[in-house]
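What follows are several structures.
Each of the next two complexes has subunit A plus one other chain: subunit B in the first, subunit C in the second.
For the complex of A and B:
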């Protein structure tokens, strides 16, 4: 169905950004804040509207009226399917939350923050809606450049270092993406993704196409922070200002996974070497990411860095749903993606509350100092429980769908990575909540290994304005009725899989619940958090024994994350080699 | 099509990557990044090249004359613009960092102080 709605989602915010930049100096006080919030609200509403309309068939827009001539696509199209539209709505909601949270945060820089954020939002929307491969790359780049600038915005030493690592690794990813697009275009002569899929089906057995996939996948996995491409993320998300981290962890990382899902199901599904490699390598990379991310998350005391590692862990879970290559898997990924984005944005906002109210972000240093901000305590614990798989809301529904998808696997125990990752990250958040807000979990030698840099954010902001978005995000993530979300996700997933390219194994209706993943991860989380918080009450021999066994593992993992750019690049190269090996053997 | 442009692209990619991994100065590292980027340009341009074809400008010769693929040239042009933006941003970051730390050696600059 031809529609002029999809381009609005990308063009609207850019127009607002340009206007703000031109008029910024003359606008009084809080007007830019209000304009930015209204723009983000409009994008969220537009996403929801498109999602409803796209239920009856995708919304298509050919720019400049350059529709296909004689079956040959010559123009660039925006195509809004249900999944893409829901992503746009999610992005809008995250930005509304971030702008409300950042009320007064960026007074000194005037409108520049709003302009960068609006461009960032437009790029994410364009990335979700475009149907042209090169256009996808352009939005990917716009997204990256805006993100680089937003990370370094504070111009403090550690923010600059994190931003440099982030920029170098992600630029390398962009280059790989461009090279992959070049290879695909050289072989298939198309850039429209649907046309590419048709051509790829005809060109079966061409070895260049899996090669192109390898480069494209590496680029998207760098953005999606999958082991071993993930090293940049922990630093970048930890040093970025809190309102920016909210959008990074909730939205930008998910874009990598969403992009991979989009490419897999529109272009590469007919290429057997690629689907086999996804199954044989990427699925296990996702599982490893989930478990390793969870362990690293548990080893942190810097709350934002801990949340960043938890994002890595959950991205691994999202990736598994894509690599399972089924409608249920994709539906699970989409549901989990939305739920995780909302919860993680709320948690980063709470970390921002800590930095603004308590003037620090070190979990052990802040022990017991958060007692008076009790609403934050409730929200922090609720966020931890949702991460840990409390059986309500979107994340739980996503995990159930993933479980159903893994049921058709030959090695279905791979799904156990989901409760382990979710349990460990939930445990870390619950432990932080117990320490900071209740004063539990006394640690000997509190000063040892504390982050040395003074980390505080602008303090004179109203607490209700910081906590309102948190409450809304958490409510959205937990109160959506499960069966509705499930139905919508299955619809979205089957619309995202191009009919005629691959037989889409859709299992509509009730999904059989096989493993109680939610309860498994929740009990793991409570057990681990309880252990950390109550360890000093236990007999010393037990506590010290476990400590002696686990400490070298955590220290070794931490040592791999040296933060040196060269090391991160070597790991990316290793990941690239692993992917190509998988493609070669498949 | 000859294998030469492909090997050149691969060589630029590899030598740039090697330089970035072993770099001890951020400005050098950013230079290596640009070298790698040139590799992708060579790859793209060679993908659209045809022997005996002219430039894709039809102002002075009739439509239908053989021309090289203009799409890849547009892609390269777009990416040169993006690449310039990223390089400028990187250099600005490096400059600010040098002001604060007095060094640009990646080994000595570690975010989060580890």
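For the complex of A and C:
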């Protein structure tokens, strides 16, 4: 149905940002902070309202009133389905949390920070709602440009290096995306994604369409930090200011996965060559990302870098749900995405608390120093447990749906990548919590050799304002009733898949057996964290023996993440080649 | 990775990409092939329904005007980002003394440069304004005209020197132009919505084909882009000129 709500999500924050920039320093004290928080709250509410309304059918808006003429779309449309609207709500919530957390953080740059953040928020909302492929690219670019500047904000050598890698790799991604759009437009003459899907169905067998998919998917996988496109992320997310990292890890990375899901189900679903390759290659890339990300996460001592690798691991899990090409898989991805976004934003905020209160971010250096900020300890442990698959809330529900989707796979054990990734990342966070807040873990393990830095963020900010958003985010992630989330996600997924192929149903009577993924990952996490924190109680020969086996693996993985731009680009090229081979061989 | 390893991996990847790339290139439509349904549709719709003679402008500022809002914001984000990154090390307080880098002397401008700049700067500014205003008729528009106005501002610096440039082009005004232009574009969209129409729908009379005010809403949003782009370029120049300047004693570092 035609609705005037969708444009507000993108144009509203833009208007606020422009006004703030124009009025600039004439605004007294905290007014920009308050305006930004109100704008983000409004976006969150708008997302919720649209999700509610979109339950009865998508909300469509043709900009400028240019609806299609004689079947030919000539304008741009926003189409808010349940999934896109929920994403908008998530983005709004993350920005509210980030703005509250950042209260007083960015006094030096005045309104500039708010302007960039509001533009960033508008771009994410536009990205989730648009139905036009080129418009998707515009928001993708706006997102990147705002993010580059926000990463470099601290202007230290590491921040500039991280921001430069981020800029180079993601600009390459943008170019690939533009080239992919160019190919599709040259072949099919449309930019509206639904129209592109219809045309693509007619042009089956044309090699240009898989070629375009290859470029578009590579661009989105760079944004979604999938192995081997992921090397930029750890550098960028680790050096960005904490409030910015919150939205990076909670929202921006997920945009890559969401964009891939959107393109797959609107444009490419009817093209068999593409869906087969997606299923054959991207599923395994996702699994590899989950496991490798988990191992890398465990090998870190710089808490923000650790969280960044954990984001990589969990994005792999999200990607698997998309590549499973089923309603359950997509529903699982959407649920997990929201849950992970909330938890990860909370954890980055806690890392920010460490930097502001304790003046450091190095897990080993901070051992036992976090005792006085006990509320942060509880939140940190809760975040770690949720990451590890504690069977409550959104992430657990998402994992269950993913498991159900994998039940229809010929090789269902691929789903074990989920508990491995979740378990390892959870273990890393729990280990950090135990070490920093309780002083456990006297003996350092593999993480000792990882890079670290002495960093601090602006102190003297009110602790309650830093912890309140954490509490709200964790509550949202854990307290949403599972069956409600599942129902909404199923609905959102089927609406998102509407124009695509009908997924093969599981043959009736054969109920796939479920694996207790949550308990598996939780036990793995507790086991690994316990090993790390309590290894000095164990016989030395056991501890040293395991160390001798694992240390070279972790060191080798760490060496691959050299932070050299050239390496990152070569790996992106290799990933592109992998995708392309998959498309021609599938 | 060593240089050598990087080279080998890149070569293998390029080899693996080759068959796919070749297949795509071979399947592309030949150069000048005409089935371009979108272009044909625009050529039918734009002159008839918007009375404009520049189809590119019709696409940029009306049919796909929402993309342009995004692009304008992209420029705004890029410039604000550059300001944050450059200014971060220096603080907000900027003095109005001339550029000085270490002990490098400031050479006096020759009369010829001053004369030339005094002649070309106003002409460039006027030409920029002309290009902005004639978006609906001839090639050009807010983006191009704004960039020309920006270069006119640099000519002012070249001819009048740093002090005069800082007096004539205050940063606050540039920010106001930037934000105001983008805000005007976004507001134009909301204005249309207040009447119940779609975002950025045309609300104004179309004017006569070939007149400077043809195109309904196009001149308004295009003017917004012109303001924002000239402000953005001015801001960028200001920041880069500041960057070469070593702060004097007592000035905020």
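Criterion: the second predicted complex is superposed on the first by the 561 of 586 C-alpha atoms of A that agree within 3 Å, B and C clash if a C-alpha of one lies under 4 Å from a C-alpha of the other, contacts with A are read in each partner's own complex, and residues count from 1 in each chain.
The rule is short, and it goes like this: contacts are C-beta pairs under 8 Å (C-beta built on N, C-alpha and C of every residue); 3 or more make two chains touch, one makes a residue touch a chain.
Nothing here was measured: the structure is a model prediction, and the numbers come from that model.
Once the two complexes are overlaid on the shared chain, A:62 sits against subunit C while remaining clear of subunit B.
When both complexes are overlaid on chain A, the residue A:14 reaches subunit C alone and has no touch with subunit B.
Within the superposed three-chain model, A:221 lies out of touch with both subunit B and subunit C [touch as defined at top]. Touch criterion not met for A:282: it reaches neither subunit B nor subunit C. Judged by the touch definition given at the top, the superposed model places A:307 against neither subunit B nor subunit C.
In the superposed model, A:196 makes contact with neither subunit B nor subunit C. Look at A:162: by the touch rule set out above, it reaches subunit B but stays clear of subunit C.
Ranking subunit B and subunit C by residues of subunit A touched puts C first. Touch criterion met: A:570 reaches subunit B and subunit C at once.
Of the two partner chains placed around the shared chain by superposition, subunit C is the only one that A:72 touches, whereas subunit B remains out of contact.
Common to the subunit B and subunit C interfaces on subunit A are residues 134, 138, 141, 145, 148-149, 152, 155, 183, 185-186, 191, 562, 564, 566, 570, 573.
Against subunit A, the residues of subunit B that register as touching in their complex are 9, 13, 17, 20-23, 26, 29-30, 33, 36-37, 39-40, 43-44, 47-48, 71-72, 75, 78-79, 82, 85-86, 89-90, 93-94, 96-97, 100-101, 106-107, 109-114.
Residues 4, 7, 10-11, 14-15, 17-25, 61-66, 69-70, 72, 74-76, 108-110, 112-113, 115-116, 119-120, 122-123, 126, 132, 134-135, 138-139, 141-142, 145-146, 148-150, 152-155, 183, 185-187, 189-191, 206-208, 210-211, 214, 560, 562, 564, 566-567, 570-571, 573-574, 576-578, 580-581, 583-584 of subunit A are the ones that touch subunit C when the two sit in their complex.
For subunit A in complex with subunit B, the touching residues are 134, 138, 141, 144-145, 148-149, 152, 155-165, 167-168, 171-172, 174-175, 178-179, 181-183, 185-186, 191, 235, 238-239, 302, 305, 451-453, 558, 561-566, 569-570, 573. Residues of subunit C that touch subunit A in their complex: 1, 6, 9-10, 12-14, 16-17, 19-21, 23-24, 26-29, 35-38, 41-42, 45, 62-67, 69-71, 73-74, 76-78, 80-85, 87-89, 91-92, 172, 175-176, 178-183, 186-187, 189-190, 193, 197-202.
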